[in-house]
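Chain nomenclature is as follows: A, B, C and D, assigned in order of appearance, with residue numbering initiated at 1 for each chain independently.
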């Protein structure tokens, strides 16, 4: 069981690296989906089936699909790949890379230093999550819905402006 | 009740100026004049009264913070209020033709500034005093910034920053005082009478006094802090510079007399040699700079630095005669410098230049205006028979008793005054080169204004008694507070010399 | 499941987060920046779920749910903006957007 | 009788105010009438006052007209005081003033600013009368400064030429330095006595100050004021330049009245000076040195009016010398006679200049004896009185000074200097007369003998000759000077000095033409002509540094710190704004860097 755990973690990390190093937008996106699925599996292994399901359905399903739509719509084609390669020369890796490695070290040191016992570990079924959602966190759910509504309106408004613009341009 | 109306009138005038301007072309000018006229009437009604304060108006404003609405009128503020009303009217009169655009807003600012000044002269609650102190500043900055001459922005911002920075120091000092009062008597209070009864530790008193002194010293241009004055004056419209020179400078001196000296008697006594030295430096430095200027208005501006140096010398000589001389000088300087600014304004109106190099030989073209300029130059020179002489003589006599070497150096200021005044006459009025001819001499309105100021100078020169009596009572009261530092003022220590 | 050491999980999440961060800092193409952003979001979500699972209560997953909605909302608006920018600047270069200069 | 006293200064004052306000509209005739009339009336009143004063056997009376102001610790009133000294001064001022007013009606006829001239002249007479009649030091100071103002206005009367303006300013500023000294003297009196009444202060000084050196200080400062106004040694450079004004002005102000104000001040405060013997000696020394210095300068001047100016300085030097040696009455006596003959000389010079079409350089004059006999006569009498030849008023007054000085102080350095001065005076007065009236005629004069010119000159001639006979009611004003016996040889020497000078002059004239030529162009003559180099000294010592300082500091160095502040804030602004590059990724890196730092700190 734990080897499976470590294996998926490794896959997720590699996929993430590919996303970052990817030149072609679509390939990077696919790698991202792979990483998300690996994460979903991890959730399942951690005993959070509800989260895993959501991850697959909402995240990998809906959001990534949206990304695909946008990338297709912008259809930059091969020119973009060359440009990416130009942008991604070795020099630009060093600065931020060093910074993030430093950050990783600090996080790692912090995490190792603190002793987190694994007492009381048990899988949490979807029902319990449901009860929590509509119990103490009812307000949170309402807020989340408000957030989604706002995002919807925002995106719609931007799109509408886009429609007029396209009308003018073409 | 009169005091409250004294404040309300200019505020109302400021409020309704746009409205009235809407109805009639020069409506706001007449509105300002009527407001000032009514104020004069109120002052007449308030004349004469015994006791500490002739009139008092007291009310609670923020009792929890110990801030009260406390106005008081006595001889000193009565005199300065008359000066404010008189010169406010003069500045409205002379801007009749000069201010063309946005007349209503101009008069609104003018009246707001007058209201601020009236408030400053009446306020007896330190917090209220600070409110009015700020109120009078903003409209004046606007006056300079909007209706000024070429680089008015620079002058307005410089004036604003100088005054604002120093008044913040004063605010700290006021708060220090209030908290000191709270620590001693448990109640927080900003009222002047309460704070008068406070015994402060010498060190603390010294610093608080310095806080007040710096704010008033910037306003009364003391030498190191005076550099805002020439710019503010040269760029201000005539009415603005009259108001600025004649009254705003006096608020600094008034502040010293009303707050700095009584609240910190011992500290002021210790500080007096330094302040007198700075005053003398002001006299000589101002005279030297006035002597070097080409721009006529800058020259006159520096003369007021020199005259206010005399006032500072007089105030910190800490004896009755010098204080009376200082108040007299405030009055005389108000008239003579305002008159000189009006003359410069008139010349600018006619030839659109203030440069002495181009303004020579005016006597041939404008004999009457040149006659007036000569008279006002002689007044600022301190010619006996005019008001400035009485003031300067009293100041020198008073200061002489405190420290005679300083007074001897200050007396050299008289020679400096002779230099710049006669230079103004020589380069402006005499000499050969005359600017473009064909300008009319004094119009009736101008003649009226200049004649009134000349008459005032002669009147207070030959009969200054009413002013001296008016001011005697408050100054004696001010001096009663324990004043003399350890040693009494040195009699003439001549023995050691010969 | 119990013997799964928590530290490794957290380390994993940290690593994932840093990779996402590198992506955001380096890439100049807006799309890639958004994708890296998604990675960072998921890393945090993972920590929440791990924490919830660790202590055995549902809060972890509730928080995960919140992050989910947040990500959805954010990506929707972000993509709309990206399309807009593309329309206007004809390119997806993040450095083109320097109108707010000094 | 007291009210009469008030009217003496008031008449000219009122007429000058009237002329100032409405002068331009009146024609020349009414202006002349008003100007001369007011001075005539004032002369009449003063004559009446003098007569009633001497009738009431010299009892001094003063009137407290109305209080000027009373501050905390100082009471001052417009009080007037009339005693023997004031009688003499008032007589001289109004008498000579009237004659000069008459003369200037003709002299200034046709000038555009006729009214303004008479306004200033009347104002001057009024201020001088106030100065002389003042019973209070502050009122005296008012007159003192007023007189200085009028001299400024009158010197710069023809204001179109800038150099006149410069001369006027120089006169006012130099006298103002003296006035500052006088003011400081008054301040000491205010500090010590709390009041400024002249008589009371002098009496108090006599009682309270016999030992202390306060009297020395006050006397020194009063001397400073007197030296400024009477153009004595340190501050004498302004008088020769003051000749830029019209000639009647030079006659009235710079010969007869204003320059004697210093002498009057010292005479008036005699009580204080007596308490300070060293200062008295200083006065004598100043007088003697000025006397000799001015006489030598007058010997080599070319400009006619400058010769008379330097001679005035020299004669006033005599008065100071007399005051210094205690011969107060002799000084005042000389003051009166000097006023007569110097006014005569100046007015005659005015007539000569006008008839030579405003030519003032004596080198281009000469041979005027035949065409202008009357001027020649006036000049002859004037020069005789100036040189103190026997039977002229100058003789009695100058010899009285020399003799009383010898009686008081013996033959000190100052006395010998005075004697030498008398010799040089005779020389330059002879030179003046010869230069003008003998020799060949270089410019053709067209004589201008209008009656208004000649009558005043005639009267002044009589006064110059018989002025010494006018009795001076001074016996009670000054403490009687001990009449020590003066040995006969000294008497003879003093009497003979002018005659010796005359003979020497004639001898030099006839025989040593080449020696005189060489001397006239020599370095010494040039140095003397420039007033012993005082002008150049002051120019380098005071004027140039001040001008340099003014030029350097025109932009007001005190403004520097403020400008510095503005400059630094601008620099910081530019630096910071470069940070905001607008690039998204830079900000992101900034955030992450910050995070890393914070974590590093937290660890």
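Following the convention adopted for this analysis, a residue touches a chain if its C-beta (ideal position, glycine included) is under 8 Å from a C-beta of that chain, and two chains touch if they have at least 3 such contacts.
The chain list, named the UniProt way, goes like this: A = NADH-quinone oxidoreductase subunit J; B = NADH-quinone oxidoreductase subunit M; C = NADH-quinone oxidoreductase subunit K; D = NADH-quinone oxidoreductase subunit L.
Keep in mind the model is a prediction, meaning the values are calculated, not measured.
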A-C or A-D - the one linked by more C-beta pairs in contact: A-C
Distance from subunit C to subunit B - Cα centre to Cα centre, in angstrom: 67
Subunit A and subunit D, separation of their C-alpha mean positions in angstrom: 103
Distance between chain centroids, defined by C-alpha means - subunit A, subunit C (Å): 5
Gap in Å, rounded to a whole number, between the CA centres of subunit D and subunit C: 98
Overlap residues in subunit C, where contacts from two or more other chains coincide: 21, 25, 28
Residues of subunit A engaged with two or more neighbouring chains: 95-96, 99-100, 103, 107
Interface hub residues of subunit B, defined as touching at least two other chains: none
Chains that touch, pairwise: A-C, A-D, B-D, C-D
Subunit A to subunit D touching residues, read off their complex: 95-96, 99-100, 102-103, 106-107, 109-110
Complex contacts: residues of subunit C adjacent to subunit A: 1-12, 14-23, 25-29, 31-32, 34-36, 38-39, 42, 45-46, 49-50, 52-62, 64-66, 68-77, 79-84, 86-87, 92-93
Subunit C-facing residues of subunit A, complex: 1-2, 5-6, 9, 12-13, 16-17, 19-20, 22, 25, 28-29, 32, 35-36, 39, 42-43, 45-48, 50-51, 54-55, 58-59, 62-63, 66-67, 70-71, 73-74, 76, 80, 83-84, 87-88, 92-93, 95-97, 99-101, 103-104, 107-108, 111-112, 116, 118, 120-124, 128-129, 131-133, 137, 140, 144, 147-148, 150-152, 154-155, 158-159, 161-162, 165-166, 169
Contact set on subunit B toward subunit D in their complex: 158, 223-224, 226-227, 230, 285, 288-289, 291-293, 319-321, 323-325, 361, 363-364, 367, 371, 378, 383-385, 389-390, 393-394, 396-397, 400-401, 404, 407-408, 411-412, 414-415, 418-419, 422-423, 426, 429-432, 462-465, 468, 472, 475-476, 491-492, 494-495, 497-498
Subunit D residues touching subunit B - in the complex, by the definition given at the top: 20, 24, 67-74, 138, 141-142, 145-146, 149, 152, 156, 159-162, 164-166, 168-169, 172-173, 176-177, 179-180, 183-184, 186-188, 190-192, 212-214, 216-217, 546, 549-551, 553-554, 556, 558-559, 562
